[in-house]
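Below is one structure, written out as structure tokens; comments come after it.
Think of it as A, B, C and D in the order they're written, each chain with its own count starting at 1.
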Amino acid sequence: MEKALERFYSVFAEWGVPSIVPQLIVMLVVVSVVILFISVSVMFMIWWERKISAHIQVRYGPMRVGGWHGWAQSIADGIKLLLKEDIIPAGADKLVFALAPMVVFAAALAAYVIIPFGPNLIVRDLNIGVLFYISISSLTVVGIIMAGWSSNNKYSVLGALRSAAQAVSYEVPLVVSVLGVIMTVGSLSMIQIVEAQKRIWFVIPQFFGFLIYLTAAIAECNRLPFDIPEAESELVAGFHVEYSGMRFAIFFLAEYANMFTVSAIATALFLGGWHGPLLPPWLWFLIKTYCIIFVMMWLRWTLARLRVDQLMNLGWKVLLPLAFLNMGITGLILVIHG
Amino acid sequence: MTVTQAVFFLLAAFTLGAALLVVLATNIVHCAIALVFTFFGVAALYVLLDAEFLAAVQVLLYVGGITILLLFAIMLTSRISARGVKIMNEQAGISALVVFAILALMVFANLKGLVLAAAPLPASYATASLGRLLLTTYVLPFEVVSILLLAAMVGAIILAKREREKD
Amino acid sequence: MVPLSHYLILSAALFAIGMFGALTRRNAIGILMALELMFNAVNLNFVAFSRYLPQTMLQGQIFAIFVITVAAAEAAVGLAIVLGLYRNFKSVNVDEINLMKG
Amino acid sequence: MKLVVLVPLLPLIGVLINGLFGMKIRGRAHLVAVSASGLSCLVAFVVFFRAVGGRTLDWDVYSWLKVGDFVVPIGFLVDPLSAVMMLVVTFVGFLIHVYSVGYMHDDRGYARFFTYLNLFMFSMLVLVLANNYLLMFLGWEGVGLCSYLLIGFWYEKQSAADAGKKAFVVNRIGDAGFLLGLFLIWSTFGSLKYAEVFKAVDPGLGTGIYTAITLLLFVGAMGKSAQLPLYVWLPDAMEGPTPVSALIHAATMVTAGVYMVARSHPLYNLAPFSLEMVAWVGAVTAVFAATIALVQNDIKRVVAYSTISQLGYMFLGAGVGAYASGIFHLGTHAFFKALLFLGAGSVIHSLHGEQDIRKMGGLWKAMPITSWTFLLASLANAGIFPLAGFWSKDEILFNAFRRGMTVPWLLGLVGAFLTAFYMFRLFFLVFTGSFRGDAHAGHHPHESPPNMAYPLVVLGFFSVIAGLIFGFPPDHGLYHRFVAPMFEAAHEPAGAAAHVSVSFEIGMAALSLAIALLGIGLAYQFYIKRPGLPSALADRMKGVYRLLLNKYWVDELYQAIFITFGKRVCTFLWGVDSRVVDGAVNGSSWLTVRLSLLSAWNDLKIVDGLVNAIADVIQGGSLSLRRLQTGVIQNYILAMALGILGMVVIYLFLFP
């Protein structure tokens, strides 16, 4: 992999082209691959979620498009959304309205930089890996607020504000729950964290950390039972009521991409990343990630929505103290073990 | 001009442009969004300066925290339709003069007075050593800042809390 | 490489822009934003110096961290004050609020 | 070994849980507190056995305070001395936690009580396990605080609140001494860590500095361990709940002073005068408190004075250089004194708060477990062979004699006699004879519930065997082989420590045993055989009786000397103030008034005219200047910016 890259660069150097050109080409290729991966996996996830929800509710779900169990349904949906008329509400702030989905998608995309699909299959192993994800994920909230505000619709604003409050509240326990792992490994780099789990997955020593992370991550994704920002019955659909067509598709894409990201991070931090017998590393990684995604979908279709105050109580009065306790105990054990 | 320099100038232009937008945009929400871009520009400059941790902190705190706080405040106090209102006060002209003078002086002082190392020193940066410094040499300021944060939190809550109806 | 003075001039410009905003914006939240710009300019200076000056041992970055923290505290309190102002005056334009006028 | 950090940490966690959520969990607070102290005790056992295996630990967990070259770590020291103390504290503490579940079960402040109890355990363990003086001082103040909180636990009661304050104030006097001692240690040795201080101990510095340090430390010990003259708070501390009296004011906290003296033995060994002082204060306190205990009628106060007296023995032991014996007595005393208090609490509990022994009697039938254990504890306290108290007390007396401290030794013997007498006076009055209280129907005395009775049995067991198992043969028992090497150096300086034969040792023991038995016999005569005798004797020796009953009027004395006298001085000074000073002031004021009338005219006409003219000008000017204060903040910022601009210009161009 690296050798191929070097050869690629050296070819350009021989032609006397400045090194920025091949670098840009590599960047473009990587970005395209990531976007392609996101689109495919999101389409799969949407189809999957529809099937899971249907089966949980003793239905079949989409069965017609594409033949076997309606596998092409998502593709058809995507084409429909692409072809739809682009509507911008009259009172909307056009610039912000157009910018918002891009910001949200950019945040979702950027997070893929640090997902370690395999020992060498990572876009960039930053030495602040986990922190990078945490900081970049907060950008989503800005996009959501932009979307909600620019729609000039009180439901969207309410949804956006709820979303922001929720994301800000749950980010704290999320960060603190991850600290246990970071303290144990002593590094923020995703690769090193995964490497450290060669012998034992952190889900065992950091079980509470894992639970807190998972809860907070579901809340970060605004999924049931924490989906009050989008609560259909109260807010129509939250911050993206006014969006339609392609812009809506981008929001949808970003949402599922985020879901994939938090699951992938959970896999890397707690479930041993790519470690596993027989199968190739990247396959192990995907299997674990999709297992977590499955759990998230399962929860969505079985649990009821929390009230706002219950949500805030859970975040601040239960998860946060537990996360701190987890951190303190981890620290104590580390100190005693020396 | 090397690639780094090109990147620097691009980033500088981007940051300054966004900053100007923050100050000059008529719609306060646009200002806030421009502010996000400014913060990102500065974060990118930190990366250029090998301060990756600080860049992450910058994004986390400024974008994830302060901007969202600002947006909250804006939404609680302004309306989307509030357009065409004067955004600057009467002293804009004289302020521009003074600010420009100060800028000119700073640039002058910079170009004339500083003969420091032109090239950066070899990067000896590690997040770990930053953390160690914070908890050893700078532990006292660290604690003081923690107390300051606590005080700010209490103060903000008390200020923002609606006063109870006096009975 | 980029010389130090480039960073310093950039941060000076950023500071000046922020200062201009603080001097002229009518909206109190706008002023707060301008202040944040000035904080950022200062931080940029700190980080640049810690990168370029010998024997600094990351002090610049440490200080930048403290500044960011203080800025966060300032934003929280400042916005709380703005909300208080809005409740009492139904406006956040600072030139309409002059109870301290002599 | 590093597990030791858990020993104080577990109670602290209990404090946090009960302190923060006590209002929520109320009746289940004991689950947290008892399990915290129980686990802590368990860990303490593990650590203790590792220490018995010969391992010690001096571990700086992290540096706590760092100001210049003044560095104080949070650190733990596990050596035989602290291991023994840790074990006593956690074990007795745990039993008392269990006992409290029954004793406090319907109290309103149930959770609060357990919070304080755990906080106390934490502080005491910090005190004991610290590896430097400042951390010890932290624990020291912590236990003082808990003592204050717990004495005043029923703060609605005026007397309880007052007693709490009294304990706090008296302890502060001692703490001031302790703190000054710490300052002196720091300035002399440049460190507060035991290891560094004791390594830096150098006889070449002269005895003066050591005497000063140790005397100051001893002042602290006097306050905390209730020695003459700072003992007055301890009897009043009986206002607190009985488990508290048992835990804090008998078994653990009050022994902190003894522990501190033993811990500082390298310093004391170089200060013979201080050692002698310690021994004398201990011996005199032992007898003094015992005499008061003879005539007290409150069951808890008798035991409280007994505690003071026994603490005196411990200091006597430490003062003659037999630190190990002092600590040994501390350990055995913890068992039987805790037992006495818990037994007393059990009695009080069953009599619904009655504390006057004149209204008790004949409880043997109703409360067999309490009676038996109380009897064992009394025997142990009286020093009867082969119970725990016998071994340790005898060792102290023997060592005192061997080191040539004859008068303190004699005082100790007298104390032993008195101890036996008052203990059995108490026992006979409470448990034998017939019930003298108002036994109205349905309120018959009854045995306490099991969770109160079991700790009694466990403590009773240890009161019986602790001495025999750990302390036999005297000075060479299991305990001594473990602890004594620490104090190896301490055996030397007394000098007069002549070797004595075994038969002589046995003779000494027999002597003290005989004296104790004599005391018991006398008590039997007085309170069983001829019940009229005590009051007859009291009539005959009215003066002495009243002297003792009123506790030598020490409280009144302190009142007269420190408080009334202080007030007098203040009143006198106030008088001086109001007559002499005020007179002078008034006289001069009269004069001033006359003079000022004169100058007033001058002022009004001439000066004011001038001033008014100036004022008019200024007013005119300020009216226009006032416009500058616009109330708009940005105008001010602009002014600031202009100022900065000016300054920059000045520094850049005018004074480069």
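Following the convention adopted for this analysis, a contact is a pair of C-beta atoms (placed from the backbone, for glycine too) under 8 Å apart; a residue touches a chain by one contact, two chains touch by 3 or more.
Here the structure is a predicted model, which means the values were calculated and not measured.
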Identifier of the chain whose CA centre is least distant from the whole-structure CA centre: D
Approximate Å spacing (C-alpha centroids) for the pair chain B, chain D: 55
Distance between chain centroids, defined by C-alpha means - chain A, chain D (Å): 59
Distance between the centres, which are taken as Cα means, of chain B and chain A, whole angstrom: 27
Two or more partner chains touched - positions in chain C: 19, 23-24, 95
Junction residues of chain B, two or more chains touched: 53, 57-58, 65, 72, 89, 91, 95, 98-99, 102, 106
Multi-partner residues of chain D (at least 2 other chains): 632, 634, 638, 641
Overall pattern in which the protein chains touch one another (line/ring/star/complete/other): other
Interface residues, chain C side, partner chain D - complex: 19, 22-24, 31, 94-95, 97-102
For the chain B and chain A complex, residues of the former touching the latter: 3, 6, 27, 29-30, 33, 36, 52-53, 56-60, 63-65, 67-68, 71-72, 75, 80-81, 126-128
Chain B - residues contacting chain D, complex: 89, 91, 94-95, 98-99, 101-102, 105-106, 108-109, 139
Contact footprint of chain D on chain A as seen in their complex: 332, 335-336, 338
Residue numbers on chain D that touch chain A, as the complex places them: 2-3, 5, 9, 61
